[in-house]
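Here subunit A shows up in two complexes: once beside subunit B, once beside subunit C.
Coming up: the complex of A and B.
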């Protein structure tokens, strides 16, 4: 089960990578334009050698498991021996009718939207701040990035200890006279998803900041100098130059954030365990898959959930690439790189 | 946002596979030509006297059987079932492993993963282990595991906290329990600890209400056909909802674990933060490992699940499990069953009782029990007209899990008694 989970996690990545790699290869060909179909055996040999290992890995560890998951998804299967009880689309009908799955899907949607809304603006402001020459800049950068480097398990365990009803957060609130704000941060179904959002934002905002900083660094200084000479104020420069030119970076970050949110699993699993995520209102498609597939021993059903997750993520990724990332793919990124 | 994760996930998978591979690589050489036999052994006692007990027992067995080596792997209780299933699926099962019984054992037996040990149970073992215990680990008339202890369920409580609240005798009826809870609340401790994060501890409250509401026949029939149309199942849910309305459980019980750390339900009892916990007979051992000095809780007491008014169940019936060990189908039969017979011998069983504070299955070994709470458990157990296997085990992984989560939903205010039945019926369709 977990292997299909990982497959579903990794399948969106290659299209981005391969596109880019392909574009780069073409762009860097001697004449800078696409060579006509001329059978240059050396070049073919080179491509085979260079891409062979990647393709073999991709097929063996991504395509093959996806196909296998699709196959198992058509069976009612307990995981022992070969599957025999063929049920057609029966598993899928159950998934689409299951309220628990609807809830999980909705939680995923909430996490996608809130991640973008909460992290994006804050990260841009932080990046603008850190792009200035201020004292202790390096230390602040490191501090903001540290949560992203810490493993999910540590983050989950740490926060769940602090947020317990008898945990540090409630004790702190009590001791500074805000006892009225004490709450069951993790176990109250009305609050739990917000606690989760705080933890997610805390953890991943550093990644957004670093991406945005890198994006800002790659904006040519000449533009700022020219603007300054023309008498533009600081805010005008940020609004008219930095933010528009940061567009491609923001769009890529949003893409990664959406995909990550759709596949969120580890934090929820660590904090809420194997059983109660749905009750606490923090279940995601991935935790639904594990709870109803692996934990319940319904491996056929779990594989069907994995396929549904895969298709949902794939469709969203393709739509996003087609309509949002199109400009960036077509040249904005690659040309500026040269 | 989470690109790193995928890499981490893949790495974890690779590492996990590697671990599995190394963990099970020994099964290849289990029957080498020079008569030496090597077996792998999975149990769930990762720390303390339990882990030490298994080390000593295995070492003693190896000394008596110089041709046999047994590799021990202790796996955290909540992880054990998942890992075991993966190992069984991959054909690299451990030779000897902890068996939960019930529907889980039936699924393994149906898949041909278990060794039929019916004929290998020695006459010496049969003399000291009751027929009922062997029956409890049999399926279609064949024994697939060796029982090692009996784990009847009831409510463990702190006598000191009861005294401080002015409760003189342990409650016998539901009304008395509710009274006790009101008194305990006034003293500021949590009346009842429950580790709902693991789902099953919360579900055990439902099981026990069901045991009082449903007759023995109804429970056995539902376990077989997985139909819960008798309205005693709904009544049990309503009883639990009514009980839950009095807010008897510790704050934040939904994310409280059962056994890990001082914040777990057993930890709350061990540190006098909560007065009661409904648990099987393994609980004294777990509580002992979580007290500040890691010694048994001196004021621990026990009383059976209270009776209710009405209901079809016998008021003296109990929930109870049996810990047992199975041999996998591929294990070397003689050596493996020798080991299973060995762990039911008197000396081993007495050591088992000392290590786990649990009731050993060997009747001769039971005489050394001294703790008053275990003696009262044993007394109630011997009087019980019907001891039902824990329902999640009885119903199997799929339906059992759904029942457990249905109960948690009810306790969290997200579902009702009908919700439990609905969840159970829906799960039956998934598997």
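Coming up: the complex of A and C.
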């Protein structure tokens, strides 16, 4: 019934796991085995006309490049002409032996875990708080969503100016008497990743709150009314009804958050640049890919990194769908929908 | 049953959870927490905006201070520069073209997925659903090579085409349930009146799915407006820069002129914020399930 992206996603997730990517690009011309003889060619024509353009665009600019990446990843290639210097799994061996990649992978891992831990609970509490029909709720919702709308480049530029050693944050700490807390927020390897986490949380927590609010509002009012009639207190209602029924939304959010953390690029690249990120301890797989691939002209190698990144994300996503999201498919959300 | 619930519930639940339609004032604690959180959300943005009204010496003497006196030179300087407007123009072209194409193509294919019975429909849906798993980051290097081979580097079209491809999965996944929710009776009635299915698509489906179209259109536009990675790889010529690239180029070009960088940054924030303010009901509402099929 609901047509929000989120619920639609959770509703119809199963195909992602069961079919391989790029399963059938020619689906637009189905085998005509239908009994309706006369209308059949017409139907096929309509299907082709209507779905052809989208499928062509999608396959050409999404599926094809990813397949190409897998192909180029087997070559030592500078990006000119056809790749000829076949190195087999050579690029992959280099990646797996490279300490810089291990570091980047670990940073990605830290970001995945900390994003969930830092944003999740705070966002749930805020959503509970805002899930009341109080005056001003619209404007509150809009304002907490603002950081999410602003582009990563602007967020990165603004925060990196604020967090400079001689920047506004240190100045503010000094002026409220906490000068001892002044730090090199961006360059100290012990601190930089935490600064990054603060920026990430600031940028994306609004999205989590709005998503959770969406989940809470799809819970039928009758449940709350019934609980209230039975004399349940506000906190009992939240604990026994809202939180359990919010489960599917939280799990979808966690999924999006994990995938986003694994692919993180823009913020790190803008704030730390392509070389500093490694020494500051904030490099990610994506910045590693750009620094060692395109920037240094090793396109074959860059593609191999992309493939590793893709496989890691895919495996994590499939495991997550298999073991965490599966419950939702047979569970609350689908039943509630019907 | 509902009648009794309505009559009894408010009495019992008055102190905890208002369940009438009319909003009322919440507890001060709620507002206090909300205010603290909003301040945290808006603080950095205010820093950028206010910094643009200061001079570099003001900023270096007191980085976290307020403008004193207020200076308008930085903003005027940016507003009168052609680079800024050109970058806005480029971003607009890319955004509008991407959005229009994504919505049109997405609507057509979603109609097929929602309303046609054919072999391979499940596979087609999975193809798009799987697209959610194909992030731009992974495809960027081959995309760069592909676009280069097409001769479209330093051409806005080179950014638009891949963006259409990458925005399609979300669009399809949002629109299919939307179109499914259009009553089949409408289609039958139209068929009785002699409308073909294509005719039904153009005359009925397109107008009826406007709310879904707006939601997906906004998502596509904001995605395009904020996209950084693709322009970074594909656009090297300053005259083709979109706004995010422009902000970055400007901040490295004028790295010593912090005030001007802040002015440029805050001005480039405005279009997205205006757009968001105009459509916030759709964006927030679209996510909060206000757009019910």
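Keep in mind that, in the parts below, the second predicted complex is superposed on the first by the 275 of 338 C-alpha atoms of A that agree within 3 Å, B and C clash if a C-alpha of one lies under 4 Å from a C-alpha of the other, contacts with A are read in each partner's own complex, and residues count from 1 in each chain.
Everything below uses one rule, namely that a contact is a pair of C-beta atoms (placed from the backbone, for glycine too) under 8 Å apart; a residue touches a chain by one contact, two chains touch by 3 or more.
Note that this is a predicted model, so its numbers are computed, not measured.
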Subunit B versus subunit C as contact partner of A:292, first or second or both or neither: first
Answer with first, second, both or neither: which of subunit B and subunit C does A:115 touch in the superposed model? first
Is A:263 in contact with subunit B, with subunit C, with both, or with neither (first, second, both, neither)? both
In the superposition, subunit B vs subunit C on subunit A residues touched: C
Taking the superposition on A as described, I'd like to know which of subunit B and subunit C A:98 touches: first, second, both or neither. first
Report for A:204: first if it touches subunit B alone, second if subunit C alone, otherwise both or neither. first
Under the stated touch criterion, which partner chain does A:46 make contact with: subunit B (first), subunit C (second), both, or neither? second
Taking the superposition on A as described, I'd like to know which of subunit B and subunit C A:60 touches: first, second, both or neither. second
State whether A:279 touches subunit B only (first), subunit C only (second), both chains, or neither. first
After superposition on the shared chain, which partner residues are touched by A:89: those of subunit B (first), subunit C (second), both, or neither? neither
Quick check on my understanding: which residues of subunit A belong to both its subunit B contact set and its subunit C contact set? 2-3, 5-6, 9, 13, 61, 79, 151-152, 161, 164, 166, 259, 263, 266, 294
Under the definition above, what is the set of subunit A residues touching subunit C in their complex? 1-9, 11-13, 15-16, 18-28, 30-31, 33-34, 43-44, 46-47, 49-51, 53-55, 57-58, 60-66, 68-69, 72, 79, 126, 129-130, 132-137, 140-147, 149-155, 157-159, 161-162, 164, 166-172, 175, 202, 206, 210-211, 213-214, 217-218, 221-222, 224-226, 228-229, 231, 233-234, 237, 259, 263, 265-266, 270, 286, 289, 293-294, 299, 302-303, 306-307, 309-310, 313-314, 317
Complex interface listing, subunit A residues touching subunit B: 2-3, 5-6, 9-10, 13, 61, 76, 78-81, 91, 94, 98, 115, 148, 151-152, 160-161, 164-166, 184, 186-187, 189, 204, 207-208, 253, 256-261, 263-264, 266, 271-276, 278-280, 291-292, 294-298, 301
Inside the complex, what are the residues of subunit C that reach subunit A? 2, 5-6, 8-9, 12-13, 16-26, 30-31, 33-34, 37-38, 40-42, 44-45, 47-48, 51, 60, 62-65, 101, 105-106, 108-109, 111-113, 116-135, 137-146, 161-162, 164-166, 168-170, 172-174, 176-178, 181, 197-198, 201, 212, 215, 219, 222, 225-226, 228-229, 233, 243-245, 247-248, 251, 258, 261-262, 265, 268-269, 272-273, 276-277, 280, 283-284, 286-289, 291-293
Touch list for subunit B against partner subunit A, complex: 1-6, 8-10, 13, 16, 78, 82, 85, 88-89, 107-108, 110-113, 196-199, 251-257, 263, 273, 396-398, 401-402, 404-405, 408-409, 412-414, 426-427, 429-431
